[in-house]
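Note that the chains are named A, B, C, D, E and F in the order they appear, and that numbering of residues resets to 1 at the start of each chain.
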Amino acid sequence: MGFTELKKVVIVTESVIKDKVLDHIISIGAKGYTIDTVCGKGERGIRDYDTLLGEFLRNIKIEVLTTKEIAEKIMTSVVEKFLKNYAGIVYMHDVEVLRPEKFKS
Amino acid sequence: MGFTELKKVVIVTESVIKDKVLDHIISIGAKGYTIDTVCGKGERGIRDYDTLLGEFLRNIKIEVLTTKEIAEKIMTSVVEKFLKNYAGIVYMHDVEVLRPEKFKS
Amino acid sequence: MGFTELKKVVIVTESVIKDKVLDHIISIGAKGYTIDTVCGKGERGIRDYDTLLGEFLRNIKIEVLTTKEIAEKIMTSVVEKFLKNYAGIVYMHDVEVLRPEKFKS
Amino acid sequence: MPGLFDMIIASVLSPPLMFFVLGIIAVIAKSDLKIPDQVGTSLGIFLLVAIGLRSGVGIADIGIGSVFLPALSAIFLGFFIAFAGYLILKNIFKFDPANAGCIAGHFGAVSAATLAVVLAYIDRADIYFEPFIPALYPFMDTTALITGIVLAKIGMSKQIGSNTQTEASLRQVITEAVSGKGVFLLFGGLLIGYITGAEGSKKIMPFYDTMFYGILTLFLLDIGLMAGKRLREFKAVGASIIVYTVVMVPIHGIFGIVVGTLIGLSVGGTLILAAMAASASYISAPAVMRAALPTSNPSIALTSSVLLVFPFNASAGIPMYHYLAEIFAKII
Amino acid sequence: MPGLFDMIIASVLSPPLMFFVLGIIAVIAKSDLKIPDQVGTSLGIFLLVAIGLRSGVGIADIGIGSVFLPALSAIFLGFFIAFAGYLILKNIFKFDPANAGCIAGHFGAVSAATLAVVLAYIDRADIYFEPFIPALYPFMDTTALITGIVLAKIGMSKQIGSNTQTEASLRQVITEAVSGKGVFLLFGGLLIGYITGAEGSKKIMPFYDTMFYGILTLFLLDIGLMAGKRLREFKAVGASIIVYTVVMVPIHGIFGIVVGTLIGLSVGGTLILAAMAASASYISAPAVMRAALPTSNPSIALTSSVLLVFPFNASAGIPMYHYLAEIFAKII
Amino acid sequence: MPGLFDMIIASVLSPPLMFFVLGIIAVIAKSDLKIPDQVGTSLGIFLLVAIGLRSGVGIADIGIGSVFLPALSAIFLGFFIAFAGYLILKNIFKFDPANAGCIAGHFGAVSAATLAVVLAYIDRADIYFEPFIPALYPFMDTTALITGIVLAKIGMSKQIGSNTQTEASLRQVITEAVSGKGVFLLFGGLLIGYITGAEGSKKIMPFYDTMFYGILTLFLLDIGLMAGKRLREFKAVGASIIVYTVVMVPIHGIFGIVVGTLIGLSVGGTLILAAMAASASYISAPAVMRAALPTSNPSIALTSSVLLVFPFNASAGIPMYHYLAEIFAKII
């Protein structure tokens, strides 16, 4: 088993658009994702979900391991499609994996 | 204080084997870890823990900062020992730390 | 939209100093952060928050995207100011972002 | 009936409102108090199920026929308040369509906490009401949210000169509004209460009844904490929303009184209808609006709902509507 | 005693089952309703402690001696259902050892929700039962899980021709099954109820008694939500499990009736024993099996347990076992 | 009054203490049982609000004047226990200032669980107490925490020869101690109970009263689980803390009895005051101390509080204080 280089894309955005974002990244070609609920602060102020408001002030963090091409496509399209109107950031970096076929179509 | 390069290994796998995986990475030489509960999707479908089933459909994400050698050993052995039968991924990337002695035996 | 290289700094430390650490990194020049509650193990033993003790044995993980200069300043100052007396680690690595202006003063 | 002033004082000094105030004080005093979020959510679930069950048992008693006209009226009120609100906010206060629809939807929709508070009020005042009235909540609430969203989408599509997307997502808007947690629980509890009736639900009602007022206090403590956190957003609310709130909330209440009296409800029933009409939503509406209207900022409506509308209704509003409902009942 | 058909209708229309159905509907209607997971877990904790306490107080009343034979019978039932299930699943339905043991363990184990539902049924029907019977749950449950796991491990080691690992981990399997949350809470509650007795536990029982049925409704709502989410997995279940379920669940119930009647339990006690035997576990068993048998897929057993076994038992099954228990009691 | 020995046995066999023990056993037995953390936190919130409300209603009854002297005494006890503790720990047991202050603060502060347990004890023993006594908790608790922190800071600044930072943060220390969740809830409940009185709170008290003992059992189960997890830290506690605990806890209780008797409290009131004085905090104090005194290690105090102080007080301590309070009442 050798190590293969892939990209990890991270998206932090509003919980209310969770399903739309997940459908979107799968449609672009991601084979999976890992997701968690987080809090944060950015241009749009503090987003801290510990209230009755449920999803409203909650952030999600989505991590996707995928190829460089799909990673770049995810980044640009997520900014275009979602981050104009919704709070969020997106970034990526290199990672090394075993079993690269798990992450490719 | 200068910056030293180390590896960060990330393991996402099933919560039911949490203790076994943690014991394993410590036994290989990791000095610590950070762990959290996450949801996700991959080859084995959606794993979303918000149910009565407790650990059954829950993922954990384990992050370990360690040397390159131990990192590689963790990756290959975790795939061998656990990821044949359990859902999961493992990957690593470079990080820079201060106080490198904290992470080495 | 081209990709710009920035640093991601990660701090894992005790929940009781959350506000102080957040104020500190903002004062140094970070424009935002993402924060979550985690468990972990290190030099100071196991820190697992699932008890009545609230913050006492809870870790937080803070992630900050920022420039290399500020990242380095955050790392050294957090070690100086907090990690002498409180459990914790801090590390950083490169990431690529779109819209770099979001992360700079 | 005691004087209006005494009724207001009694409302202000009732445990539920005092717990709300305690929550606000906790935030101001920088206390680390919080109701853990999963527990807060569950308190709300409990209250909605309890209200639903009680109403369902009530309907089983008096027959489903008498619910028809009141349900229509609730739909009318939800629609009318949101529709008028949209026009006022867009044309008089110059909001863009997305924010006009968003705010109008919040004000037309119903606050579950206000509904619980008015039920506690009525119980204290010991006046009769048709037991199914609380069950009108979903009708008014859903209609208002859909109206606000649809009007906003129409307004936006007019501006950018296209309505393809609007058509496509209208069904989704309606589905989401109808299947929203609050509406679903109240309807579900209602159905179960209706089907099992007083006899069948006998074993479970002690739980829901004994705990109702106590749970309400903790729920309002939680809402108070949320309201307290919104205080720092208050300056962002802006004069126009404050004016809109102060003028329209009592008018919405009066709409409710007029409609309730005209369709022949008792004073108690009319009062509940008025409180629902006057209330503005803040728990479910913000997330619904944020998802449906990406360019809207529900923070404004939310802050106003929880810092102005709720405290007003829970203190002076409800006794006022009660007072007016008595008068109207005599006139008509 | 009313006719069987009426008894079934009454069960279907009882609040607990209706809340279960409401949960399923919520998922189908794509409602965002969920019982927060920590709260759902706590509802289960409450029910187990309440059942344990009540049983313990009961045993304190009648003396511990009379529990011995019933406990042995529960162990026998747990062992027998899992053992027979393993052979049937492996030899007739051609499952591999890991999955045969996994599924057989689920069906031999006990569903706490079914236990709560049969207690609610008995309370409604107002029939006598030996108060310690619910305390047999841990005996039957633990035995079945261990039997399923051990048989699977033996079957697997035969296939790969080695049994070193099996020996080593048998102790671990037993420890885990016995210290599992459900078993532990019921036993713990039992002990406390037994030691403190009716007098000592007087102060705490109003809490556990008043809230039992209400908590049960919310718990079943949560189980309904979980069941609803499993619907999309239903096609993965496969014909063989469906056949196994449909044929074996009533037979397991009848085993329970026969054993209960033979050892001289009352009709009520026999009915509870039968419901436990017929029930299949879905809350704790999947995680236990997934950890102990890495190559098994507990999803299949889980889906069948919650979508077939539980609804059958909670609607038609329990009245049927009641009916048969009455008949058997007369025959023997 | 039954003999001391019988009173101790009755305390040991009371459901609350047995649930505490059950929690410890669960950890030892490696059970996967846990009370989900948000729910555990909420159980504590419930208990504090309930105690506060009850006391407030009590004060409304007897007038606020009679609270003044007892409140002063509680402040005195909190200060004195922390102050004496600091001196003893620093000079006799040779702790550094930070840890001396940290430990002394924990022992001067009050455990809400012990307060609830002594209330359950008194209710069982059916003896009278001034209803406002539980409301003294915040006075004693806050004073002790602040005293411990301030003494530690003074001690530290002496060592490093500077006290600028101490001055600056004293206000912060006090603010944090006073606005801490526990203190805030008890005070808040108290105020609401006081303002609404018995009549106004009639609707909500059934909830708080019916559930108090039941919630207490689950809360103590949770504390037992936490205590069990601390077992592995026990060897880190060290002989000096064990000696300090064993000697000082009963002495703290006796301080409470003396003060209570001197200011003319009833035996019941004196007993509650003594239990508060003898108790040591473990839920809120550790995080407060960890934040305020970065070089302290609250684990030591915490482990001792929950594994030594609480079990002692909840079993033998409270009956002993009761016994002594009766004697003192006769002497003075």
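To be clear about the criterion, a residue touches a chain if its C-beta (ideal position, glycine included) is under 8 Å from a C-beta of that chain, and two chains touch if they have at least 3 such contacts.
Keep in mind that what you see is a predicted model, and the values were worked out from it rather than measured.
Undergrad: Quick check on the contact graph: shortest path length from subunit A to subunit F, in steps?
TA: 2
Undergrad: Work out which chains are contact partners of both subunit E and subunit F.
TA: D
Undergrad: Is the number of contacting C-beta pairs greater for A-D or for D-F?
TA: D-F
Undergrad: Please tell me the distance, in whole Å, between the geometric centres of subunit A and subunit C computed from their C-alpha atoms.
TA: 19
Undergrad: How far is the middle of subunit B from the middle of subunit E, if each middle is the mean of its Cα atoms, in Å?
TA: For subunit B versus subunit E, the centre distance works out to 35 Å.
Undergrad: For subunit B versus subunit D, what separation do you get between their C-alpha means, in angstrom?
TA: Roughly 47 Å, centre to centre.
Undergrad: If you look at subunit E, which of its residues touch at least two other chains?
TA: Where subunit E meets two or more other chains at a single residue, that happens at 36-39, 41, 210-211.
Undergrad: Please set out, as single numbers or ranges, the residues of subunit A touching at least two other chains.
TA: As it turns out, subunit A has residues touching two or more other chains at 36, 93.
Undergrad: Pull out all the chain pairs that touch, please.
TA: The list of touching pairs comes to A-B, A-C, A-D, B-C, B-E, C-F, D-E, D-F, E-F.
Undergrad: Please name which positions on subunit D make contact with subunit A in the complex.
TA: Subunit D residues touching subunit A: 34, 36-37, 40-41, 44, 222-223, 225-226, 229, 282-284, 286-287, 290-291, 294-295, 298, 302.
Undergrad: Give every residue of subunit C touching subunit A within the complex, in rising order.
TA: 1, 3, 6, 8, 22, 26, 31-36, 65, 93-99, 102-103
Undergrad: Which part of subunit C faces subunit F closely enough to touch in the complex?
TA: On the subunit C side, the touching residues are 14-17, 49-56, 85-86.
Undergrad: Which stretch or stretches of subunit E touch subunit D in the complex?
TA: Of all residues in subunit E, those touching subunit D are 13-15, 18-19, 22, 25-26, 29-33, 35-39, 120, 123-124, 210-211, 213-218.
Undergrad: Over in the complex, which subunit B residues touch subunit A? Could you list them?
TA: Touch residues, subunit B against subunit A: 10, 12, 36-43, 59, 61, 72, 75-76, 79, 83, 89-93.
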